[in-house]
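Both complexes shown next keep chain A, but they swap its partner, so chain B is in the first and chain C is in the second.
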Partner chain A sequence: MGDASAGTSVAASKPIRDLSTLVPYFFILPAVAIMLAGLLYPVIQAFYLSFYDWKIGTDFEDAPFVGLRHFIRMVGDENVWESIWVTIRFGFWTISIEMFLGVSLALLLEKPIRGASVFRTIFILPLMVSPVVVGLIWRYLFDARVGWINYYLGLIGIEPQVWLGDADLAFFAIVFTDIWQWTPFIFIIVIAGLQALPSEVLEASKIDGANWWQHIFFVKLPMIRSILLIALLMRLIDVFRALEVMYILTGGGPGRSTELLSLHIYNRAFDTQQLGYASAISVLLIAIVTILSLGILKMGNPMKEKTDI
Partner chain B sequence: MTLNPMKSLTAGVAAAFFAAAAFANPYEKYEGTTIVVSWPALSHFAAAETLVEEFTEETGIEVEIDALQYLKLRDRQILEMSKAEGEYDVVSWVVMWKGEYVSKGLLTPLSEMFTSAALVDPLYDIDDIADAYLQNGGVVGGRKGYLPGRSGALYGIPFGAETSILAYRKDIFEEQGIEVPTTYDELAAAMTQLHEAGIPALTSRGKTGHQVTAAWLLHLAPMGGKIFDDQWNPQVNSPEAVKAAEFLRHIAKTGPVGVETFGFGEAAAAFLQGDAAMHLDSLKIAAMSRNPSLSKIDGNVGYALHPVGSRCGSETGGFAMGIPANAPNREAAFLFIQYMTSKAGDQHMVELGGDPIRISTLKNNADKFPDYLITAEQLPCADPDWRPLIPEWNEINIDVLGQALTQVLTTDDPIQPIMDEANEKLRAIMEREGYYTWANYRADK
Partner chain C sequence: MAARQISNPPGIWGHYGALIVLALITLTPIWVMVATGFKDDVLVQQKEPVWFFFFPTLENYDYIMTRGKFDRYLWNSTIVGVSATFLTLLSGGLCAYALARMEFRGRVLVANSTLLVRMVPPAVLAVPAFAMVINFSLNNDLAVLIFFYTALNLPFAIWLLFGFYKQIPVELEEAAIVDGATPLQVFFRVLMPLMKSGYAVAGIFTFRIAWNEFILALLLTGRTTRTLPVGAAGFITDTGVEWGRIMAMGTLIVIPPLLFTFFAARQIIAGMTAGAVKG
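On to the complex of A and B.
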């Protein structure tokens, strides 16, 4: 009897325990639903659209199904590869310099020195400016005829340069503008990481006789490695998303010298109205960003480290 | 059923009263209606806002204006006109978009309105509107789909339309002893002379894409070139086309610094701020040069005909207004367009600083504005075929020619191979879009 009643008690409590395991899923359901609606749905739509030849202004029902034609065309389209190459060069220069400057400045300014807080506030101002305004500001600064840059170069006897009308100078201009806007982002993230480091470890390294360089390269930077990886990952994704500043500043020109992949997709979709083809290139963009992101996360997943701790 | 004589009499009197009222005021039926107008944020349209207020005051029809930067208009308009029920009652398009709009079934043929006696003002006189403007901005169909012809139909009325004239600095020309150029050879010589004297010669658009193509096209027609022959074979590597590209490069080498980055606004600003001796583009430069908030050179500007190459041929461009197929208030929209482009409206636009579209307005105001006489003289030379207004034009304009001509402008590479490559790309687009289907079919037979 006693055994039987125990058996009944186990059988009765099991469904209750099963139900309780669902509670976490219930709580994350709204977030998952929003993610699916806002993120996955457009991606699936873009993938679907890439199999059709649709122009804005016509009924989608009339759009012919073209199978893999857009993807085949994309592989042989030199303009797509050119814009990928521009994006890679742009990403290499901007991310390298931004990481170097951002980390260096954070290391210099992490200590409480006079005026540091004012400098920090001024330094992060570019982050708060909308990309369209950044594009406009620098477009006028780089203007060959009335821009301040040519004006000040003129004062020291340098001929005016057509900054946005020469392929190399225009590329320099977009890299410079991006560095101006995004170095503060690296700075903020790194300085926050540095200030959160446990003082015991830093003091121990000093007691062990580490000099300034060793202190930075063997103690501080390794300890903020996951933060640096997050910053790198976010900038990398941003490089592939960058559109507004280049659109305003150069429009991708002269020629295609500053046409990043995202701008190329925009131009295909809205200038030449090839929405299906633009969607196919978007799928390529998503694939590139996903592969790069997974690669970086594999180098050292910050979330995993947190869990291990 | 029996008729009550008193009721019949009352109904008859009422009908007569309302009929008389309808004849007395063609706008009454639409009083209180609100129409939405999509047009560009440009000086002509800003000036027109006063006329719009007067329209509302006179007709009781409210007008909401959605003004956008002109190169952004197309995306917005297409999206709006693609809906089952749109918001726009009137759209103003750059003439090169008309073929695309009509091919997608987005516009209302104006014949639907011009056949309604209650709507059409008998004094409207459409024949007074410059023919080049009307054909270029409003007619779709005809030869090649965008040229005058029996299969053409009217979809829009020009408003903010233009042709090209030469504007030059009288003081600089006098100082340098330069005669006003009437031919392209004289123009090129004047540019060299000015450059050697340290004066930036001719300003121009040059920014990658639409702008640099527009600049080149300005010279292509007078030099005798065309984009396509009558069988849609591309001709952008012809000797005339290469010569026009060489001239564009000459502009960059002798003109103000930064031509490679100029859109229309920047090119005009260079002239208006005194940084260039000549401006050869839209006649809008005349009204802009008279505007003290834009110009430092008012009083020193002379106007002349677009120089002649192997033939005379100025551009025809700018804007036209029409009614979307999904417009909620099509009749009120027509009344608006008619009011704005009427003889009185056109005259008032001149007084407000806009550009007229009617020959009578140009002639009536020639004493006050010397450029009007030049414009009236230029218009018979305006070439409606200076660029092909086919649905594929945007891709050709931006993606092919806009890239090739940037290479012409920003490098010293030989021009012929650049244009040969562009020609092949054009052929591929035309092939893809089926322009050679009939020719291939007949050749196979």
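On to the complex of A and C.
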């Protein structure tokens, strides 16, 4: 909304502007209409539904208006808090391990080598595989009876575990799966960032006699700070969006030990059939994700930057 | 390790060795899936894993092709993937072009909100989408799925295409306009050929999401409209888990995304890192 005056200002160098002022609106209309109806309208409807006690199988017309009761119930709902806590723990372990492994490996292996593109291709494969398939593969590997993990642990003397049937082990399993899927990605983008650093600065630091650790912590890492920060924020948002892998792997159980917030909303809505209450929890999720997204936006909307040039 | 100097990086063999180990860790689970899909039930149920040397069987593939309704799921997934990709590229391309090249009231608002709605969690869409299907009796209609996948993909596609439009010099359009071309002619005739790689990247991302998506598909499809991921998950429920069949199905599902990866890895990485690494 900031450039309200731009439409009438003089910019003679761009002949496109001389066309009818309505043309841009015809161009954006289809996309904006689909996004309004398919993304914004559902968000608004989530707000709306959160005021009603609507259950699956009943007509919405019969659903009683409950005002803010869902939200009041939510504040004291242990299950909601538990799933938020699971999400936070999951985010903490996955993101810190993925960042640590991805960044360390990238620092060790950043030198351009022949055949790098082959490795890059391999490292993005886990992200191209359907989340459902990722969940199925790891459910097989973690399987208590025929799973490969139990077999190889058995070879080194560890008793077979019911990985997906124990709260702590199941949590470990979803963390492990996420690390397998995302560490290669962090590795690739950090390497891309490191290789794009201007060589003069790196040379200068070398001449100044910085040792290996100083070189990394005072020169390299600060220079790729923005990459690390955006990667961190995006992974954080992903943690709040994730549900498909866990849906297949554990379904959120045992108990609620692997039920991330998104999965909790889904299970609330379609397992316990409380559509209204699930919508109220959605509103909370929308708030969290919006705040995180504003963080990314604040770090620079690329579309805005590029057009300001 | 701490004493290592910058001028003395680890040997090239150590470098390759480390990368190969990482690549093997990455590939192992995918290989397990492919191998298991070709194993008979005895081998699958056997405790000791067999990595490479077994007599492959096609019985799992035979089952999912003939009795697993694979053809139906494949058809649905293809229709949904192709339609959502086409709609996303067309409407997203028009929008990205306007944002990149035209001045209009509300341009910044549209640009900012596009980035903001990119992060809407699929779980938030689930209940309203379900309500929409019930209210308008749209159950068993692939159009609903196509519509939501288009909406989910548009923000990222617009953002990606915007960057590609920005890289094209404006002189070409100016020349076309002087020759009397309308904005739509400029868009389709002048710029479309130059935007091939941009549309290819955006298309791969859109198709991948539409092809892989599970949770909305599970909710919004019925017996005749199930997509591949929903079909694969369906093998879990019955009497125990049919691992051989599941893995065969999984292998077939990942073929298109893997083909894209092999042919366009560079572009995919460019797209994935567009948010993190500024060009």
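In the analysis below, the second predicted complex is superposed on the first by the 240 of 309 C-alpha atoms of A that agree within 3 Å, B and C clash if a C-alpha of one lies under 4 Å from a C-alpha of the other, contacts with A are read in each partner's own complex, and residues count from 1 in each chain.
Following the convention adopted for this analysis, a residue touches a chain if its C-beta (ideal position, glycine included) is under 8 Å from a C-beta of that chain, and two chains touch if they have at least 3 such contacts.
These numbers come from a predicted model, not from an experiment.
In the superposed model, A:T87 makes contact with neither chain B nor chain C.
Looking at the shared chain after the overlay, A:P42 reaches chain C, while chain B stays out of its contact range. In the superposition on chain A, A:L105 makes contact with chain C only, while chain B stays out of contact range. By the touch criterion stated above, A:F270 is placed in contact with chain B and with chain C alike.
Legend: residue contacts after superposition of the two complexes on their common chain; A:G253 is shown touching chain B, with no touch to chain C.
After overlaying the two complexes on the shared chain, residue contacts for A:F27 are found with chain C alone; chain B is out of touch.
Of the two partner chains, chain B is the only one touched by A:D166; chain C is not.
When chain B and chain C are set side by side, the one touching more residues of chain A is C. According to the touch criterion, the shared surface of chain A, contacted by chain B in one complex and chain C in the other, consists of residues 143, 145, 270.
Chain contact summary for the complex, chain B toward chain A: residues 75, 78-79, 81-82, 100-101, 104, 106, 206-209, 256-261, 266, 270, 275, 394-395, 398-399, 403, 406-407, 409-410. Against chain C, in their complex, chain A makes its touches with residues 1-4, 6-7, 9, 11, 14-17, 19, 21, 23-25, 27-28, 30-32, 34-35, 37-43, 45-46, 49, 60, 105, 108-109, 111, 113, 117, 119-133, 136-141, 143, 145-146, 148, 151-152, 180, 184-185, 187-189, 192-193, 196, 206, 211-213, 215, 226-227, 230-231, 234, 237, 240-241, 243-244, 247-248, 261-263, 265-266, 269-270, 275, 278-279, 282, 285-286, 289-290, 292-294, 296-297, 300-304, 306-307. Residue ranges on chain C touching chain A, taken from their complex, read 2-7, 9-10, 12, 15-16, 18-19, 22-23, 25-27, 29-30, 32-33, 36, 44-49, 87, 90-92, 94-95, 97-112, 114-132, 134-135, 147-148, 150-152, 154-155, 158-159, 162-163, 166, 170, 173-174, 177-178, 183, 187, 208, 211-212, 214-215, 219, 229, 232-233, 236, 241, 243, 246-247, 250, 253-254, 257-258, 260-262, 265-266, 268-269, 272-278.
Note for the complex: chain A touches chain B at residues 55-58, 143-145, 150, 160, 162, 164-167, 251-256, 267, 270-274.
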